[in-house]
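Following are the structures in question.
Two complexes, one shared chain (chain A), two partners (chain B, chain C).
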Partner chain A sequence: MSFYAHFTLPFIIGALAMFAIIAYRYTSWIVQLPRRDKALLRKGILSFATIRSVWEVICESLLHVKIWRRDPRLGYMHMSLAFGWFLLIAVGSVESLLYTGTLLVPLQGHVFFRYFATAIDKHIPLMDNIMDGLLLFVLSGVALAWFKRLRSRALGMRRTTRHTIGDRLALSTLWFIFPARLVAESVTAAIYGGGGFLTGSLGALLGEVVPASVLQALFEPVWWFYSSVLGIFFVAMPFSRYMHIFTEIPLIFLRNYRLSVGDKRTSYDNFQVQACSRCGICIDPCQLQAELGLNDVQSVYFLRDRREHQLTLNTAATCLMCGRCSTACPVGIDLNALRLNSRVEMRNTPSEKRFVYLRGLDRSEGMGKVGYFAGCMTMLTPRTLSAMQSIFEAADEQVWWADKSGGVCCGRPLKLSGERDSAHKMVAYNTELFRKHEITTLVTSCPICLRTFKEDYNLEGIEVLHHSEYIARLISSGRLRLRKGEGAFVYHDPCELGRGCGIYDAPREVISALGTLLEAKHNRRDALCCGSSLANLSIGDQAQLRIASSLTQELEQSGADTLVTACPLCKKALGRSAKVPTRDLSEIVAENIV
Partner chain B sequence: MASNFGFSISKPRVIDIDRNNLRKSNEILREMPELQSCIGCGSCTASCTAGNLTSYNFRKVHTLVRRGEYVGAYEEMNKCMLCGKCRLVCPRGINTRKVAMLIKRKLGDF
Partner chain C sequence: MTEKRVAIIGGGVAGMQMAIHLKERGANPVIIEREPTLGGKVAGWYVLFPTFTPAEQVVAPLKQRIAELGIEVMLDTTVTAIAPTCVTLQHGQLLRCDAVALCSGSTLFDARIKEEYGYGIYDNVYTSADLEQMMREGEVRMANGERPERIAILHCVGSRDEKVCQRHCSKVCCVTGVKQAIELKRMMPQAEVFNFYMDIRMFGPGYEEMYREAQVAHNVHFVRGRISEASPLSEGRLQIKAEDTLTGRPLRMSVDMLVLLIGMRGNDDNLPLATSAGITLAENGFFHPRNHFLDNVESERKGIFMAGTCSSPKSIGETLCEATTAAERIINYLNRSNKA
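So, the complex of A and B:
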């Protein structure tokens, strides 16, 4: 039998255009990958990573497990649209196989099967009912999506994304696709009979209410309409946010092959940027939105602007890079790394003539296998420095002090502001300094330095520790004995230490050895930012204070008598608005040494 | 005898800041109006990491740039490590880190 009717043309043309555009894009992105990434791709493709990726695609692209975990209603909405549509296509091909007995049914044959089935004198009620059930499944998702536009809060989102015109066009056609299918199939059922519990009964109802001549006149137009909305959606898709539907799949594979976003823009970034569905889940966690009402700098808008080549320095620069949005992102896009390489592109300048004064500089003191790097910020919180000194003395540790009387910055502030080449100068200087003094352990009390030591330095043979880890180790090995008191401490997770380096437990162990540990409402991976982040290049002092105040309030609500943190910058920020004392972890340790 | 009692001003050594071109300076001020509240206390310079190692002086560079003395400001500002301590100690809460970046951006040509 023939599977062609004129009305299928919009669908066929739209689908061909979409697949051609997508195939062209993916091929050119893959071809343009740097050689290192291509090698990773070749190595990964025949490994276990591929199987893992397939599983992840099922979980994330179809079932949307991460969104389920965030909010079941939102998860159901995304799943019903993605998984439901997928099943409609998959089960639809089974349906056409059972009806026609051949696998050689062209694409439009599956999609408009009920139209072509009118020529077949055969009914498989079970199949009809299953297909109707799936259609109902998808329609329930569409209904939720409509409802979400009206009342996002009902689906667990305080704010949703503001869309561009292209997005709105694609979104509107998407919303019409399934209702159009329902109407087309019901009208067909009204005239020719058949259909399952949904289209069949709707068809029977239509048959009674609407005169047969009207139904006959409607028959072709409803199928034309269904085909046209599909066609328009397919053409609009690669130019709208719906590009994410397919792009998330290669992204998952490439990510599992260990491709990553670096400080230079590469073609892999395209997969990351275009995999953003603009779901807007990143908006609610953003404190700039919650505390300052800034509505156009969040990751979803950053990615949109970057994709449309309209990124401004202001959008790229206004961000604390606290990482709360990356943690929430259901697609797992490397949001901070992307923002960082945009900043590098805008602000990096060659640095040959810069920092010549670093040559031959060495103000370090002492001798020892353990090096202590205070970092710039610790120099502004001298109590942390003296506390560390007493801890080292109590543990009888021979320490080499890298920067007690003035040292060189670790380079992370320059890196975060996009001046990559200058940051490399700091990295090279400090690495040489550590090597020269032959230390085997490097302790720092600044999480900002810690993170850059771990990520950007090549310190093979030197163990890099945050002071919280170092102190926890001293306690567990019995080299440091502490007095446990009555104090109630609430611990604030610094962004760079927690989400940045994954260190959550060491500071808590140390506090538990001193007194009662309390938790704030947002803690660990979900912890709030103090607002003083060095990644922020534009927010002013009063705005920072507002962010810090709401954090201190939350911390104080835990009922603690002391706020404890493990970052000099957080300590400075919290101390400005806290009613109870704010201490660095090392201070409360040093006070309670037995 | 002339009325200057034999004394005179050596013309080439005069720095007349009123004649400086303040276009860049005004641009900087427009982007960061809070700079007008700077009291020139020098806390920024006192706490500066780079200033501790070299003769780099943030207050001096900022003051000169505001007066329209741009020559050498870019090179001086490039000594800054952007560590941000100056920002934490500023009694007027000026985002000094942004000032450093802004001066670099505006005066790259001088």
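So, the complex of A and C:
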């Protein structure tokens, strides 16, 4: 039998155009990948990473497990649309196989099967009911999406994304696709009979109330309408946020092959940027939104502007890079890295003359296998420095002091501001300094320095430790004995230490060794930012204070008598508005050495 | 009239001056002072700018007059709430009155908050208040007992500093810095004294002349630039880092002593007091008058008056002047309510 009717043309053209555009894009993005990434891709394809990726695609692209975990209502909405549509196609091909006895049914044959089935004198009620069930499943998702537009809070989101005109066009056609299918199939059932519990019953109802001549006149137009909305959606799709539907799939594979976003834009970034569904889940965790009411700089808008080549420095610069949005992102987009390489493009100003004074500079003191790098911010909070001094003395450690009398910045502030080349000069200087003094362990009390030592320095042979890890080791190995007292301490996870370096337990172990550890409402991966982030290039001091005040309030609600953190910058930020003392971890340790 | 009671909160120079005037005009003032003695901050100073008059010559006559007039004074007493006709004391005890005057002064900025200057961490970092104390005791010495040979005085510690939420200018620290520099040079002519400042604000009579005298007659150095941090060197010396913004160069200097000119901030209990009285605070945490011109010693609420540094940083002369004015306004207020 023939599976062709004129009304299928919009669908066929739309689908072919969409596949052609997507295939062209993915191919060219892959071809343009840097050589290093291509090698990773070749190595990865035949590895276990591929199987893992397939599983992840099922979990995330179809079932949306991460969104389920965040909010079941939102999870159901995403799943019913993605998984429901997928099942409609998959089960639809089974349906056509059962009806026609052949696998050779062209694409439009599945999609418009009820139209072509009118020529077949055969009914499989079970199949019809399954297909109707799936259609209802998808329609329930569409209904929730409509509802979410009206009342986002009902689906667990305080704020939802504001869309561009192009997105609205694609969104509207998407919303029409399934209701159009319902109408087309019901009208068909009204005339020809058949259909499942949904389209069949609706058809029977239509047959009773609408005159047969009207139904006949409607028959072709309703299928034309269904085909047209599909066609328009497919053509609009690669140019709208719905590009994410397919792009998340190659992204999952490439990410599992260990491709990553670097400080320079590469072709891989396209997969990251285009995989954003603009679900807007990143908006609520953003403290700039919650505390300051800024609502056009969040990752969703940053990615939108970057995708549309309309990114401004203000959008790229107005971000604390605290990482709360990355933690929440259901697609796992590397949001901070993308923002950073945009900043590099806008702000990197290489200069040969700058920093010439670094040559030959060495103000370090002492000798030892353990090096201590205080960092600029610790120099501004010298209680931490003197506490570290007592801790080293108590543990009888021979220490090489990298910067006690003034050192060179670790480079991270420059890196975060987009000045990559200048940051590299700091990195090169400090690396050479560490090598020259032959240290094997590098301890720092600043998580900002720590992160850049871990991410940007090549310190093979030198173990890099945050002071919380170092102190925890001293305690567990018995080199440092602490007095356990009555103090109640609430610990604030610094962004760079927690989400940045994954260090959550060491500071808590240390606090538990000397007093009672309390937790704030938001802690560990969910911890709030103190607002003083070095990544911020535009938020003024008073606004930072507002962010800090709401954090100190939350910390104080734990009932603690002391706020403890493990970052000099957080300590300064919290100390400004705290009613109880704010201390660095090292200070409370130094005071309780036995 | 003799029956009219005025509760004066604070027994510093503002409260004492006001009490004396009220008593002389026939009212019955009562001074409520949280400390065990009268005199407030001024009692802790050595000599006063711009005339180098000993602070004692201001405080002692006021105290003496208070005693002569038999003015009631409640020491070691804290006020927890105020209303125009009633003041609540520490244990919930009520004090009936016909008017209230806020003369509660201000709080000195806690220099430990600017941790980078090392106050309370390193030896030989002092506040301007500590220096006044040392001068009252007769000598300025380092922690090891030696005479300092090079002293840095840093302006604007806890003033004009958004980072510590103190955006206002404390007004009198500039001239205090100049005064202390001259005193140090008079005590130790061989010592080098450096003032690190953002702006030098010489607003009062004779101040600008003092600033000039410091440079010409005493060779005090003035460097425009804030110190960014201090770190310890051997033997209690300190290394300071700053930028000389006139030459545009960073500088490092080793000094024997660092003096931090700490600013004035609103008292912590200003907010509960204002809330209890139904009046508002200025954004910087000080009380504010109903307006800055014709009612500059009156609060937003009739029957509550103010004088001195509780409403903004002020010099001693200005404070005394306000106290007199406020006393005059209170008398008028009491007379009017008498007729009514």
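Heads up, the rule we're going with is that the second predicted complex is superposed on the first by the 594 of 594 C-alpha atoms of A that agree within 3 Å, B and C clash if a C-alpha of one lies under 4 Å from a C-alpha of the other, contacts with A are read in each partner's own complex, and residues count from 1 in each chain.
FYI, contacts are C-beta pairs under 8 Å (C-beta built on N, C-alpha and C of every residue); 3 or more make two chains touch, one makes a residue touch a chain.
Values in this document were obtained by computation on a predicted structure and should not be read as measured data.
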Self-check item: Fit-or-clash call for chain B and chain C when the two complexes are aligned on chain A
Solution: clash
Exercise. With the two complexes superposed on chain A, say which partner A:Met379 touches: chain B (first), chain C (second), both, or neither.
Key: both
Quiz item: With the two structures laid over each other on chain A, which partner does A:Met426 touch: chain B (first), chain C (second), both, or neither?
Solution: first
Practice problem: Please work out whether A:Gln542 is in contact with chain B alone, chain C alone, both, or neither, and reply first, second, both or neither. | Solution: both
Practice problem: Using the touch definition from the top, say if A:Gly575 reaches chain B (first), chain C (second), both or neither. | Solution: second
Exercise. Identify the partner contact of A:Tyr357: answer first if only chain B is touched, second if only chain C is, both if each is, neither if none is.
Key: first
Exercise. Kindly classify A:Cys409 by the partners it touches after superposition: chain B alone (first), chain C alone (second), both, or neither?
Key: first
Quiz item: Considering 44-52, 62-70 or 98-106, which region of chain B has C-alpha atoms that clash with chain C after the structures are aligned on chain A?
Solution: 44-52
Exercise. Touching chain B in one complex and chain C in the other: list those residues of chain A.
Key: 379-380, 406, 541-542, 572
Quiz item: Given the complex with chain A, which residues does chain B contribute to the contact?
Solution: 34, 47, 49, 52-54, 75, 78-79, 81-85, 87-90, 93-95, 97-98, 101, 105, 108
Exercise. Going by the contact rule at the top, pick out the chain A residues touching chain B in the complex.
Key: 347, 349, 353-355, 357, 361, 363, 376-377, 379-380, 406-409, 411, 413-414, 417, 419, 422, 426, 532, 534, 537-542, 569, 572
Exercise. Provide the residue numbers of chain A that touch chain C in the complex, in ascending order.
Key: 379-383, 386, 404-406, 541-542, 545, 572, 575-577
Exercise. In the complex, go through chain C and note every residue touching chain A.
Key: 113, 115-116, 118, 121-122, 162-165, 228-229, 231, 239, 241, 252
